[in-house]
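Quick one: this structure, given as structure tokens, is what I'll be asking you about.
The letters A, B and C name the chains in turn, as written, and every chain counts its residues from 1.
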Amino acid sequence: MEFKAKDIATLLHGVVEGDPEIEVNDISKIEEGRAGTLAFLANPKYENYIYSTQASIVLVDKTFVPAKPLPCTLIRVESAYDAFASLLQLYDDMVSRPTGIEQPVHIGEGATLGEELYIGAFAYIGKGTKIGNHVKIYPHVYIGEEVEIGDHTVIYPGARLYARCRVGASCILHSGAVIGADGFGFAPDGDGYKKIPQIGNVIIEDRVEIGANTCIDRATMGSTIIREGVKLDNLIQVAHNAVVGRNSVMAAQSGIAGSAKLGEHCVIGGQAGVVGHLTLADGTRLTAQSGISVNTKANAIMRGSPAFDIAKYQRCYVLFRRLPEIYDQVVDLEKKVKKLTQI
Amino acid sequence: MEFKAKDIATLLHGVVEGDPEIEVNDISKIEEGRAGTLAFLANPKYENYIYSTQASIVLVDKTFVPAKPLPCTLIRVESAYDAFASLLQLYDDMVSRPTGIEQPVHIGEGATLGEELYIGAFAYIGKGTKIGNHVKIYPHVYIGEEVEIGDHTVIYPGARLYARCRVGASCILHSGAVIGADGFGFAPDGDGYKKIPQIGNVIIEDRVEIGANTCIDRATMGSTIIREGVKLDNLIQVAHNAVVGRNSVMAAQSGIAGSAKLGEHCVIGGQAGVVGHLTLADGTRLTAQSGISVNTKANAIMRGSPAFDIAKYQRCYVLFRRLPEIYDQVVDLEKKVKKLTQI
Amino acid sequence: MEFKAKDIATLLHGVVEGDPEIEVNDISKIEEGRAGTLAFLANPKYENYIYSTQASIVLVDKTFVPAKPLPCTLIRVESAYDAFASLLQLYDDMVSRPTGIEQPVHIGEGATLGEELYIGAFAYIGKGTKIGNHVKIYPHVYIGEEVEIGDHTVIYPGARLYARCRVGASCILHSGAVIGADGFGFAPDGDGYKKIPQIGNVIIEDRVEIGANTCIDRATMGSTIIREGVKLDNLIQVAHNAVVGRNSVMAAQSGIAGSAKLGEHCVIGGQAGVVGHLTLADGTRLTAQSGISVNTKANAIMRGSPAFDIAKYQRCYVLFRRLPEIYDQVVDLEKKVKKLTQI
């Protein structure tokens, strides 16, 4: 499908500068632009690419002043970045979306299904489960008994929800995510351990995205809670009874231990860890590979394992890297002092 | 379903103090108690909650002496914690448990099935596999050829067992666990690598729990072994030919490399790692995010990456955090010594 | 099935020393050798085992000179290690391999299937997908729309490929691997975040092995690329738009963030991490649990979090472990200098 510069400009409330009839059928990055594609320039540090790009059309901010002649047609818009994001969304919407109920699927007794669903082949929906409207349940998804899934939520192939969990509206759960497996709770019992039954559930509020193969364990009692707007990347561990606050974000392979509470707008870096039973205040940031074992104040930025204030950490780490020289200084001082003492 | 205080007391061999007729239909935490629920008080640091809890009934140790008037009915028992755990277990047992064989399932030629099984829809059981009695195999479970599964084992949705692995009795495997994938073995071959066939298997003994999305690789030859009573949390890596000793416990996202041997009662913290071919003695503890690269003596507690004795580590880390001040001390000393030398 | 020493020797172009008629039916490690098995001795540090091994036959290098009498028959070959690897491969080939198409499976409209396939029950193949010849697709595999799979590739149970991804020839994808889930891309939007559509794909070239539960996210635009010969272990994260260069190897639980580029023959240790947008030169090695945040030169070996040159790191870490003594030296110096100053 080909789109003309003039039509794209109309769509984006922009102005064409160059050939209004030139056509594109794909999008590209400005540094890898190919003929017949549309790119964008938002970050000034990429500006030099625009003078040699092969892209046929480039979206630019309306204030952009070229320093050299341009090989491409421009569309000037209020914000090139926002306009491009809108185009990405349109492109994404054009991709065919599955609909209907494929066969075979397993629908348990008493399950209720909303309207305009997609349910892929080999999906399993347990007894008494309630599925909202416009939900997409891909193949091999397992949903246990008495689960609730809100409207417009998408569950990708092979994600699993154990019994009695609840997922809000407009959520996305990626492949292999496991929601509601037993919390890791054992009591010593003679030589070994006795399992503590995990009878709680997981509650995921609205507009949450859960990455591939991420695990959120059910609470021992009560609920493990993922608040609205939270974004979890892949391969994350959220242990039993944890709470992740509104609009918080966790990067891949990070984990939070049992009963830890994250406030709103927290950011947990990749491969970082949060010790159990902590409370991280709103806006806490933990850098990648750090491990936090203390409660924080609002907007704290923490680094290290165990973590402390990032500015202090960085001073310490700079000196760690200089330890050989510092040690030489100490040895040198010892010699000099020995000499002085012997005088 | 409502339960009266007097009936619960009888069940738990306890004594009611308050209203023997008061009814509950759920359990709650004392700090989040709601009317119509039962909570417990075992840890003295939660005592203040009992004076304002909304819970209708609270289990307490028989020795508990209230410091103020109480808003709830008490049941005094030998140990409030143990009594509560028993109630959790009863509650858990009341939840409906699936039984029977749903359709479609795939049962390979020559597979033998025990009695009183649950096999969920879309489960796959390979040729010649032996399933014991009272086993629960949830939907989307894959069990390859010639696998053996012991009595009373539960395999949650989408767990996978490759060919020729063996699982003991009373084990629990959570969703997405992968047992018996190829060990990561390659030999240099010109410019690239040649795969070393992984022809061994995985043996999981009795009473083992394996968390969601945890991976245990098959041995190159022989067996990767998880001894009885071991508890593995989610997203753990156990590499080929490793052995995890009896009643050892590994927290989420930890990993052990090829051919490492853990003794009995070891505890591996979250996101920690064990280098290949090591031997950790019985009772070794490795703290979260640590990485161990040396063999240990019994009951060693290790920290750091690479890890060493925890007490020594903590002294070092305290000084790491004070490096800026220590460096200032050194610089100050240099100035003073320079002055002294110039005299 | 029994094999005679003389027949194995013929197969491996070796020479028997001992009983040419002795038979074996399995292979074992020399340190765990059992009667009726064949073992090998390649690494001289295992030599002492050969004098007491129970193995009936041991493969040795043709140059091996025993220091004591031997309890076993020898087969002398050019390289005991290579000969043993060949035997492992023969053994592996003898294991029955599934063939044919089991039922039920879902084959989407317009999908094209090559020859001599295995497709296991409950596998899902999306619309317009192209499967090459001699491909094995195990049960519960999900392959989305318009995916391409090259000849001789094996996809183990429950691996998932999202729409429009491409996998080359002779690849192995283990259970639970997720290829092509959305990259983790969000733009701030008022109080929360707005999803950036991820319209790219993942390209996996030839002879790549992907471990169990490893995740490779699709690109925002363009492709996340895994070059030929790459070996990824279990539970790895490869974020959107990353590129892993030819014959590079990543150990379990490591991760690389968005748009990072690894050169050829890089080695990333277990639980290590690579920061987004970095470029690691050919032959870069990052040790286990390290985190790299700078571009590297060819063949750099890096350690620490953040990582720097390994030789320097090790000097620093030795001194870190000695900080208590170094601090004592500083305090002692202070006392001495104070005394000197007071004179």
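The rule we apply is simple: a residue touches a chain if its C-beta (ideal position, glycine included) is under 8 Å from a C-beta of that chain, and two chains touch if they have at least 3 such contacts.
Only a predicted model underlies this, so the values are computations on that prediction, with no experimental measurement involved.
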Chain labels contacting chain A and also chain B: C
Homomeric contact chain A-chain C: same or different residue positions, threshold half: different
Gap in Å, rounded to a whole number, between the CA centres of chain C and chain A: 26
Sequence positions of chain A contacting 2 or more other chains: 104, 122, 140, 158, 176, 213, 235, 253, 271, 289, 305, 320, 326, 330, 333, 337, 340
Residues of chain C defined as touching chain A within the complex: 104, 106, 122, 124, 127, 140, 142, 144-145, 158, 160, 162-163, 176, 178, 181-182, 184, 186-187, 191-197, 199, 213, 215, 217, 220-222, 235, 237, 239, 253, 255, 257, 271, 273, 275, 289, 291, 305-306, 308, 312, 315-316, 319-320, 326, 329-330, 333, 336-337, 340
Chain C to chain B touching residues, read off their complex: 27-29, 32, 81, 85, 88-89, 91-92, 95-96, 102, 104, 120-122, 138-140, 156-158, 172, 174-176, 207, 209, 211-213, 228-229, 231, 233-235, 246-247, 249, 251-253, 270-271, 288-289, 305, 317, 320-321, 323-324, 326-327, 330, 333-334, 337, 340-341
